[in-house]
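Could you have a look at this structure, given as structure tokens, before my questions?
So that you can tell them apart, the chains are marked A, B, C, D, E and F in the order they are listed, and the count of residues begins at 1 in each.
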């Protein structure tokens, strides 16, 4: 095979890969001026959100009380601007609306998202507290914020959940999947989760789209809050949007690798032991464990 | 300890770390002109492959039908060139051949790999379809391609598997480990996997070297398709290359955290429940679950 | 909502986010000149350590026997300098000492850390050997070093453990969490682990703070060596520093997804089967498995 | 001065610098969504233009005859897209038009500019030939293209001149000033310059806005083709747009540091010696030199 | 010459280059913790200063009146911090003082420098006005700020001059040389220059250390304001600090390539023609030109 | 013009730009595996050379006497490797030799170049001394090395001249043009220049290919050492390689903007005044000046 043969292979393959039919399946045709969601922009958005929510820990770490407003100001402005862009990309992906509408909607939703940041910070403060109180190995809250994967996964989830509530398509899921990749914790942005939520270690945790989780709940690594099965429509496709994941009451603890499936309820204050498989309701205050 | 003491410690340590004996164990001595595999180049290869296989989703997302061939052309050329380089590094690592032979071989195998890309795209289109049909939370195929870790892990696996079939050492494994790090899904490039393959959530999935998986199979997070044990040779070392992982039939579903070990067969259409430990054949169509 | 409304929302939100009270919870106020730990610097430290410990594999891969000392010299110097900076950040975070003391301490501890590198390399060589001997799919030690997540996780752990022994706060934990994110393997820097240690696949492994692990131990993916429960002080907070994780004897093998909890002892040479839950001592040489 | 005093100085100064009046003079207030010209984008535009005009010299230098169209295609597309953006910035700076108009105009003019590239390449080929033929130190045309500042300055000028003809404000001048900074050659984009134009060494050359230069003209370093004086309007401001720079006939040579001022004509084939000051017409074929 | 010979040449040369004597001449030995001036940091300082002084033109160009204070705040803080570092490097280079003194001095002088920024902006506004009024080719003040090399050279000079007045060694000269490289205009930071100063085209302009330039002065390209000769001390070395460059009165114009040497005075309102050599005083209002 | 028209313009233009004929003139066709010279690599080479020749000033500025050899070692190795690559590119450009010959030659010449570095440093030390002694505004040798453009231009020239002596095509000229762009000083690599050479300010200096300059020569800005005219061959092309530039004796000073043309001799110790035009020999010790 000489250099000419190789060039032929390359150009033939380019031809095959560029044909309409070959593209058909996995090619996203953009309309003019339309852009797709950008992984790089979303990474930056998450960085900015962390710098705004945990100033002095993330971002420019040298901020002090006098100059903090400048940094938050600049970060909020950049976050708004990137978020508007990404929301527009998400909206364009989901709907065939005129560019003006997309732009205006994207800006409004980005601004509304920004207005939720103070509340998000208050909620995340409760999550940090829960992680600190729940782990004898933690030596300071700083350690929690700097190192604990749970905080990063929960922060991304809380951001993504707000975006979902604002009707933003696609983007929320990309944001939670970024945390999934970083931490091994997979929380669907559609789940509803209360305050003081924590996850120890975290790798392998799955929290499904229609879960409802109360306040002060603690999960360990490998816990699945999943669907048992899902009804199909007449064409054999899964029916979207049906409540199919567990409801977890306040003050529940679920130990490592437990699997809880279906629209069942784990009552307030219950403790679910590790490595078990739960498909039925658990009484408030109950303790269920693996049989030896 | 003053600044002079510290300098002494540093230079002494450098001396110790650079001695022949100290290096002996963990030092890869390259012959002149020989290069090692490059994580950075392989990351770029994966990026390029994604941009070629899923145009409009990855890479320059603004491509349209008119100009797509330019982009695919440039990406294919860069992919070919980096791939030839990395294949050469892999061959050099495994065999002591003259540089000319290595170069020529690397170019041919890289060109052959490129010629497989249209087929790889067709297969990946079936995987995207399987993921979409199997998840009620998925709102569009775009969401699958942008967010689902399974697609990234399976794409890397399919690339790596082609390279393995072309006799490329070392590189395939690095490529699947890159996906393992990104997604928590660990697929050995030696496994054989059919069309319409999907993995839900995915963290913790392990698919061993000699697995054979049919068409339309679905796994959930934490599933292990592993070896039960492996025979040792007379020196006590594991014997390489023995078939020791499961065979999974068409249309099988395996739920989360199930562990399936050894050269057993899970028959067509079987359903394996979560959190169980399977070391014996399962009949076609059977449903096996954890005992309560 | 016009452009003026949006600007109002942004500036109002910046105001709310910058108020003393809002900051109170999650704001790390630095004293003048004080810096926080830097994720970027710590990533570079890990890169440098890998290049020093595995020359020819990581870092500039073209090193040969003649010029290796230059590369190790430059890398050691940069590692020392970044490490001193990060140790200072860790010390400043934990204690309110004068800057001179912090700087001097940081330099001494960084130099002491550097002096441990030759020994660290010797230990890691045993881990590489254990991984190679324990996996029939491994075709060369190079493959182990280039691809196996276990080596990256164990290297980070061994670095972090040395720093912990030198009394460095915060930094060791960040370093092991970086490996956790990269590999899904979560080893607390406080654990004590012998030679010839290996972990197969690795995703989901958790090794707690007070674990003691002997020589030649092998774990599979999803294994938890955790705490069963932890005593609270009179205020209901967990008491820090109590031995609460397992002791694993020499030559033990623990299969995938096994969960071993509490200050129990798994005797020498024992084999623990997959997916089981162990909360009591296991005899030396015993084999325990999941009941079917 | 303690740390508190310094913070006061900084915050006071920020206040002063942000006040309306202080900003008044040197602050460019953008309307919403409006962006300024970007030095970075314009640098990239020049890089792309060089790669398109001189393929194999600039840009990805490995192109061959088979794959050149992919590279030119991708570069042209990126050039178009950045150019449209920058033209929009230029138009927005100069005129207060609605965003839709600006966008549409910018796209059309960028496309027209692109359509001029083949002709630009033909003209630049004559400039390369002139430089090669005129310099005994030049060993190949490749050397001219890779090294000669004249080629870079003339290429930027020819690009900028086309943009000026398309009515693009601001951007042309920035592009010629980029070449001025790189080469010391200052050609106003408004000048008209024929084929086979070359400048030897070049530093210090100035070619004014209303110059007209014939074919096959050669200048040496330090030559000024400037205005002698310019009439003021009744308010004492210079009147814009009056022809005030020299006309240089075909086949003229002007030696180093000569200064030619005013709307005079240097006739065809004339030779102007170095270090002289010319403010009156020069006959065709004349040779004028400094008096000793 | 085989690969071994080449390695010998390299290692021998490294040895020769690292010997004390060889280093002696051109090696700057730093004391511990001492750093040299950083070209990269100084480039960033100039970027930041431009963004602060000309907001909306340089730096993030999208600033508007509402959020400008955030941007100026963040830029001022970064400028202060980098400037303090570089001033410390300059002081350390010039004097052998304890680190605490260096640090404290550097911070104070950096803060004082910052406090001069509002006044610097006012002065630069007059320079922009002068450039605009003096050039019929200029179509807007924006064009002046975006493109004119004079503005960049004068801005760097004015910054450097303030630093010189604050007693900062080395750094001012590096800053003016950065502009020299960018624009071909070489202004010594020691020169004293009034308001409404402008330079047309600029390449080749030299303004010496002890020049004094009045208000509303205009220079063209290639003008030298230099020293005629300089007295030597008894050892034959030039005596530093003697006034040896021209004094230029208010409202003077000096045309291209004029050379004005020695401590002479060009009287108010004088006009000096191009390409001439002036070594004696010029009367106020005089016009001197090259003899034909 | 709608989006479809624009796409047509783009694709048509790509077609025209990629046709054989259009490419013919300005397209460098590479043979397989052949690369062109890389501006980026050459910039890095210059950076490395500066770090090796002036340690503690350029490159990692924190080096001290203990660890300097590591830094020089690593820099020399990288310099060698990049230089071999670039020399190969230069040789490939100039001659049609087999790849093996090119590679071997490139390596040998790169090694020979490296072996000249100690001598280059000794010569540059004399240039630094000359600059320091000749400028009353210089406050330290550090200032000379950090700021003076002459040192950067002369260093590039001395590097390029060594490469020229080693028979390297193309690359030397690119290296001196890089300095030309940075400093406005244009020294042809073919010129021969003695020790203790300095240039004050420097913008606009031109030193031609066949110049011979003695020891202890000083030039000011704008000086041209050029060719008066050059003989043409029978085809009207300039004859290459004829001695056509001046010979400058030891201890000569040439003031600003003087132009010295042709193969004349400026005798030892002569002083040439500014702004004059010299085309005949000048006696040793003479002082020639512009007539008033």
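Assume contacts are C-beta pairs under 8 Å (C-beta built on N, C-alpha and C of every residue); 3 or more make two chains touch, one makes a residue touch a chain.
Predicted, not measured: the structure shown is a model, and the values here were computed from it.
**Student:** Quick check on the contact network: minimum steps from chain B to chain D?
**Tutor:** Tracing touching chains, the least step count from chain B to chain D comes to 1.
**Student:** If I average the CA coordinates per chain, which chain comes out farthest from chain F?
**Tutor:** Farthest from chain F by mean C-alpha position: A.
**Student:** Please name the chain that ends up farthest from chain B once chain centres are defined by their CA atoms averaged.
**Tutor:** It is E whose centre lies farthest from that of chain B.
**Student:** Can you give the whole-Å distance between the Cα centres of chain B and chain F?
**Tutor:** About 50 Å separates the centre of chain B from that of chain F.
**Student:** Approximately how many whole Å separate the CA-defined centres of chain B and chain E?
**Tutor:** Centres of chain B and chain E (C-alpha means) sit 56 Å apart.
**Student:** Cα centroid separation between chain D and chain F, in whole Å?
**Tutor:** Chain centroid spacing, chain D to chain F, equals 25 Å.
**Student:** What are the residue numbers in chain E that touch two or more other chains?
**Tutor:** 10-11, 14, 32, 62, 64, 67, 69-70, 72-73, 77, 184, 203-204, 222, 257, 275
**Student:** Any idea which chain B residues touch chain A in the complex?
**Tutor:** 52-57, 61-65, 68-69, 72-73, 76-77, 80, 107-108, 111-112, 114-115, 117-118, 121-122, 124-125, 128, 133-137, 139-140, 142-143, 145-149, 182-184, 201, 203-204, 220-222, 256-257, 273-275, 290, 292
**Student:** If we count contacts the way the header does, which residues on chain A are in touch with chain D in the complex?
**Tutor:** 7, 10-11, 14, 64, 66-67, 70
**Student:** For the complex, which residues does chain D have touching chain E?
**Tutor:** Going through chain D, the ones touching chain E are 1, 5-6, 9-18, 20, 22-23, 25-30, 32, 34-38, 93-94, 169-170, 173-174, 177, 180-181, 184, 186, 188, 190, 203-204, 206, 208-209, 222, 224, 226-227, 230, 237-242, 244, 257, 259, 261, 275-277, 291.
**Student:** Quick check: in the complex, which residue numbers of chain B touch chain D?
**Tutor:** Chain B residues touching chain D: 62, 67, 69-74, 77, 81.
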